[in-house]
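I'd like to ask some things about the structure below.
Chain nomenclature is as follows: A, B, C, D, E and F, assigned in order of appearance, with residue numbering initiated at 1 for each chain independently.
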Amino acid sequence: MPDDRFYPHRNFAALDADYGDYARARVVVLPVPYDSTTSGWVGTRDGPQAIIEASGNMELYDVGIGREPYRAGIHTLPEVAPHTGSPEAMVARVESIVGELLDDGKFVVTLGGEHSIAVGPARAHASRTPGLSVLAFDANADLRDDYLDSPYNHACTLRRVLEFAPVTQVGLRSATREEHDFIRQRGLTFLSPLEFRAAGPEAVAAQLSDDVYVTIDLDGFDPSQVAAVGTPEPGGLLWDEVSELLALVAQRKRIVGFDVTELAPSLGPKANAQLAAKLTYRLIGLAVGE
Amino acid sequence: MPDDRFYPHRNFAALDADYGDYARARVVVLPVPYDSTTSGWVGTRDGPQAIIEASGNMELYDVGIGREPYRAGIHTLPEVAPHTGSPEAMVARVESIVGELLDDGKFVVTLGGEHSIAVGPARAHASRTPGLSVLAFDANADLRDDYLDSPYNHACTLRRVLEFAPVTQVGLRSATREEHDFIRQRGLTFLSPLEFRAAGPEAVAAQLSDDVYVTIDLDGFDPSQVAAVGTPEPGGLLWDEVSELLALVAQRKRIVGFDVTELAPSLGPKANAQLAAKLTYRLIGLAVGE
Amino acid sequence: MPDDRFYPHRNFAALDADYGDYARARVVVLPVPYDSTTSGWVGTRDGPQAIIEASGNMELYDVGIGREPYRAGIHTLPEVAPHTGSPEAMVARVESIVGELLDDGKFVVTLGGEHSIAVGPARAHASRTPGLSVLAFDANADLRDDYLDSPYNHACTLRRVLEFAPVTQVGLRSATREEHDFIRQRGLTFLSPLEFRAAGPEAVAAQLSDDVYVTIDLDGFDPSQVAAVGTPEPGGLLWDEVSELLALVAQRKRIVGFDVTELAPSLGPKANAQLAAKLTYRLIGLAVGE
Amino acid sequence: MPDDRFYPHRNFAALDADYGDYARARVVVLPVPYDSTTSGWVGTRDGPQAIIEASGNMELYDVGIGREPYRAGIHTLPEVAPHTGSPEAMVARVESIVGELLDDGKFVVTLGGEHSIAVGPARAHASRTPGLSVLAFDANADLRDDYLDSPYNHACTLRRVLEFAPVTQVGLRSATREEHDFIRQRGLTFLSPLEFRAAGPEAVAAQLSDDVYVTIDLDGFDPSQVAAVGTPEPGGLLWDEVSELLALVAQRKRIVGFDVTELAPSLGPKANAQLAAKLTYRLIGLAVGE
Amino acid sequence: MPDDRFYPHRNFAALDADYGDYARARVVVLPVPYDSTTSGWVGTRDGPQAIIEASGNMELYDVGIGREPYRAGIHTLPEVAPHTGSPEAMVARVESIVGELLDDGKFVVTLGGEHSIAVGPARAHASRTPGLSVLAFDANADLRDDYLDSPYNHACTLRRVLEFAPVTQVGLRSATREEHDFIRQRGLTFLSPLEFRAAGPEAVAAQLSDDVYVTIDLDGFDPSQVAAVGTPEPGGLLWDEVSELLALVAQRKRIVGFDVTELAPSLGPKANAQLAAKLTYRLIGLAVGE
Amino acid sequence: MPDDRFYPHRNFAALDADYGDYARARVVVLPVPYDSTTSGWVGTRDGPQAIIEASGNMELYDVGIGREPYRAGIHTLPEVAPHTGSPEAMVARVESIVGELLDDGKFVVTLGGEHSIAVGPARAHASRTPGLSVLAFDANADLRDDYLDSPYNHACTLRRVLEFAPVTQVGLRSATREEHDFIRQRGLTFLSPLEFRAAGPEAVAAQLSDDVYVTIDLDGFDPSQVAAVGTPEPGGLLWDEVSELLALVAQRKRIVGFDVTELAPSLGPKANAQLAAKLTYRLIGLAVGE
């Protein structure tokens, strides 16, 4: 029955069956409502649903890039159930699902949940894309080897990713002295917003290999743009400069997949979920076209 | 792909495809996120989604009635789009949809949205069920003939329903003098909570004909049970007494359909949406069995 | 211009000029947005406006008592500005204003703000009504002689009132051992909700003299009825039993004035302000008629 | 009685009778708490009251423009009651009221409520001011000819305005492909924030005729400035650049009236209402002087 | 320096050094801010701090039982850090800490956090107290053997406890059919609120052995008393009846320890934390005296 | 017992006993939860606790300045109890406590609470440091001689400070005409954000004497950075420019003490408390080193 007296079902971008069907869609959105190891304020478990709800308010034409990304087809999967046995098992679950989707020819967009779950999709991509590099947006270094008794704590995310792919990070403004020393010793490119502005987006793009996986911890943004994160830090990135950098990377490189994580919707206004939805939609448009 | 690593899709009671499929389901849940004529506090537009979200937290076995109502099959339709031309047109839209579902043999559960939309399903049932009576839960008389320049304002709901079916109301504690006089002149049974307790549930059931449509404005409940309504009134009904009355009516009569309206989720704790979800589920179990 | 295309101005009960005019009105509502000495959670400063806003959602006919209290005329004054020099000076200001209103023949309803400001209207009434007694609703004894370096702290309210009038209190469930001993030594009637239920409303009415001033700290209610107070205590009074007691006192005695205090609206749902508004309106109806 | 022991009555800028009296005031503030056709998040109904409440916290001297706008006299009308029959009837009501005020020689400031109501005051001004042009601030094109079954849906606002006056818009970052094509085909000046920064305020002013009506949908601002709107979009206008543009337009042209709409206060911090209040006050100062 | 110009440090009941010192205190409060396996709404991680903050607003004399429990000395430990490796490891950590405290002669009060952590203190008590029985307050059966891939999920709490002690439960109104069958087959005493009222508190006490550990999942209460839980269920227990039952058990038996869990403070008003604080304080008074 | 299974006690920066001990610490944090004279929105009483809670989420290494300020030792005192007799008495209490701490050789950081309490620490420093100048961040002039019947109202803060030390202010965008004239007549340096950007930080530093006390009313920041203040004003200072100015002042002058005031946490997202915590920590690092 659902005809034009109805809104579409609630899925990413509120697409109807034509554009939301799995078989036809080039893009798959995978919601992962997982929040088990965070140590700051709580609530990233509700992030995926908030982003999907907000995405229903977007126009399907993105006037900022002149594209209609939904034309590529976007299927929204149901939410991944948390594995509450251990964060390691949860990361493995997400990795296996993403791997199956990649093997099925899909472009995968993972919506967190806490940043730790990004290890799964990043590893699934890396194991299928030789030479993959990772571009990370984050306020925190996330380079601890272990935290609160687990190597899969969200504070260890980029340390885990570094084990299988090189990482370039933008947005850094919180780190332990040990993490800071690790960055120096390894010669990693982890840029604070001030350093990023001084260097310019081209310099960041130059660090990346041809195939790029993008992992976005929304606390990379300034809290004026996204307050709804568990560990907000002043002095962050602005919407326009993130948009510009992503457009440049999409132009120079091939973005093979990405995640958007750490939205804790109750910690900020709904405008924050709206930004996350538009960021996701734009990145689909930049990476996949229309 | 969605296997047991996933939660089910978000629909009423979080059912998987076996029990949520339209063709197989005896019950259809129709969400109507409409909030255009309310005059108190705002937000019933978000009611249906909040009830559906909360329903995912319920156990599917209702220990209070010893049944698993989902076994009858419950399909959740997408949300009805608002007709913003006029409330009259919106009521007509809901009536036509419910009528089509009834003609398709379904038991229809309408989730509001403001109470005015209940006129649609009530009329659709009345026109198909000769001798239908209506049992209403409400804090307000809703008997104005016209309000804020519309006869389909939510303050006119039961006046409109009275045009095609007799109404018995429980929960009354707010009315204009004109409404109060109207009740007396017409000899209507509109009972305050104190009067209801004095009379007992059997007396209410005795007012009803064999086939009963139930319309629930959640402000019939005491604000301690449901604060998340636009016009809360102290001195309302309690969960246990509403449950007992509904169980009795289901036993003595045939409940042919019902609606649950006026949840404005941001005005109270999530526990209010949870009550609305459980009320909906229990009423399905009482009316349809399992 | 304001004709029927407009809502009335925001005043208590949203009355138009006919019933809200000062000269014609028998009743005057005095908002006192004062919150300076409270020691629990904060926000009673916003109480008067929240009650007045909620009062605009009420029907003007109170079906519970079968009266239209607004017919007596209710004028709403602008808010009293806080005297931030000292709580003593603020109490004196409120007392002087209430005294002038009484001398002008008005029935005065004071809306707090913290409970301490009740000392002003209570004293203004006592000095003009020989033999006045005070009926207090409160969770706390409020019998400290001094608290946080001030004898006019809100924790001292009833101790101050006792200096000029006898007090009967209902709702007690929080007191220091010293306050508890003071109650015993003085033989005061301060009843917990359980004691009140055992004694019955007639026993409370029997404690009062012919002329009664009523002071209501909303935390006398159970938090299920009013959570929006700075010092909520479980195990409090219910709407129906407070209503019944007030109706009885109005029948047996003469209520000469009253206050409703301690609503901190951000600490609970809007339904709490609605209860406070309806309580105020009903008490006007009980005391003044229509 | 209200003397200096009281705050002024709650009206715009908390003015006392001298400056708030209708007859004496050059400026009239018209609150329109209407929210019936919005499709994003809900709550613009509460916008006017929130702006008026916040305006009581402003200093009456605007240090940013060196003026005391209240000296022109500002009268605040009660809220316009919604016509719940249809949005078309509501627009007509607002138009007729504004027309009467203009005919009475007043400068009219309309506070929404949803943006659709701006059609009323804009048309009232246009029909009395030959050659009027409209300057709009908005994130959305608002150029649909019809939406959700109504040509007066808030998504059609500027399309309706274009029927009687030329429109220059600033802030655009959300549009359908059809709206985007319409802008191109008609050669309209609808500027994104990035385009506006490139062009500069003089270029905008050059588009306007001598007499200008300003319509402000607050979502034109960046969500970091105003998150409390139903359809927030990242990448918007900043306070300083809007202020600068308005000052320039006031200097070069004659601003004959304006509206401020779409504040949904519960969706963001109170600071958003404060911005809306100050924007309103400043625009009065720029347009009317002191 | 901290003299009487200061409030005491923030600890349970806001005690000064005399009564809060570890060595002198008979009672130790152990906060466990753990929230990793919950499947409903989120936020029990913030429970312990909210209870401790609220406890600072209590009077130290509990007028309801006529005692000053703080005189026994109450030491508040810092918060237990979560073990994010697995819930099993976390339960083991809490058990070891509680065991050490018991071996040091303390009466231990554990504040959750999610209910799963109660397995730790219950086991620590059981292994030191032969014949211990457990009295549980809960809305849910918590009898799953495994949930979301972990036997230590919070939905398995009482199933784990049953492995080392008999359990009597009060408050049941949510269970799977399997859990319901398990209760019947094992002949467990799990009482719904209606069954509890029919049976009376003496019948519950009669189920218990001489030494009793009490575990309180706050969702056992009706949501009108405590809405701030992840899985609220209508039809729950009231403050007065829980208080009465606990007083009776304390009189008939020996309460050797207890926990209060599942407060998710952001999901309800602060009054809910206040109830949890007073419940904790009263239970100390009932179990330990003064 | 507290070993590494525990989080540290809640104090500023969540330090363990080694770095938090009073005797060893060079820095003392003094929380003053006072909110009695404010006239805008309410809640600065909860500011100190919110800042301290947020500070537990910071990394102890401040990557922005390359220092670990906690190594200097930071002791957190319990909260100063409010003197509710008068604001004058409260200011005197804070002054005496700060004076005693200074005489004990400590660097004192005062956390408000409303801005009025800054008069106490500023005077304590001025009376011990000849030639001290004060650097203020504020949206408001705070130069009234008296407000709401008290010279110690928070709107008079800088007027009181001027009686004992010269003041340079940055952030001004709200003032009465009288305050504006006072600034001109006295030739004070009170800079709006636009004026500050034009002048540059060196010009501000040049106004200061060798020894500087810094008083921060958080409303000096733009509401996009800190919305959680009682009187937010658009057009304020940004994090990066405040950080840069403070770093320059620390380099050119000697910062002898400071306060951070007016955080009303419930009025904005938790990110605002996080900014206040990091600002406090960085200023300790700039002033004291590590």
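Note that contacts are C-beta pairs under 8 Å (C-beta built on N, C-alpha and C of every residue); 3 or more make two chains touch, one makes a residue touch a chain.
Predicted, not measured: the structure shown is a model, and the values here were computed from it.
In summary, the chains found to touch both chain A and chain F are D, E.
When every chain is reduced to the mean of its CA atoms, the largest separation from chain D belongs to E.
The interface formed by B-C recurs in D-F: of the pairs listed in A-E, C-D or D-F, only this one shares over half of its residue-numbered contact pairs with it. The centroid of the Cα atoms in chain A and the matching centroid in chain C are 54 Å apart.
Mean C-alpha positions place chain C and chain E at a centre distance of 37 Å.
Annotation for chain A: residues 39, 81, 222, 224, 268-269 touch two or more other chains. In this structure, the chains touch in the following pairs: A-B, A-D, A-E, A-F, B-C, B-D, B-E, C-D, C-E, C-F, D-F, E-F.
Contact residues on chain E toward chain A in their complex (touch as defined above): 35-37, 39, 42-43, 45-46, 81-87, 89, 147-150, 152-153, 266.
Chain E contributes residues 57-61, 63-64, 68, 222, 224-225, 239-240, 243, 269-272, 274-275, 278-279 to its touches with chain C in the complex. The residues of chain A lying in touch with chain B in their complex are 1-2, 4-10, 22, 49, 53, 77-81, 93, 96-97, 100-101. Chain A meets chain F in the complex at residues 39-41, 140, 172-177, 180, 192, 194, 222-224, 227-229, 231-235, 267-269.
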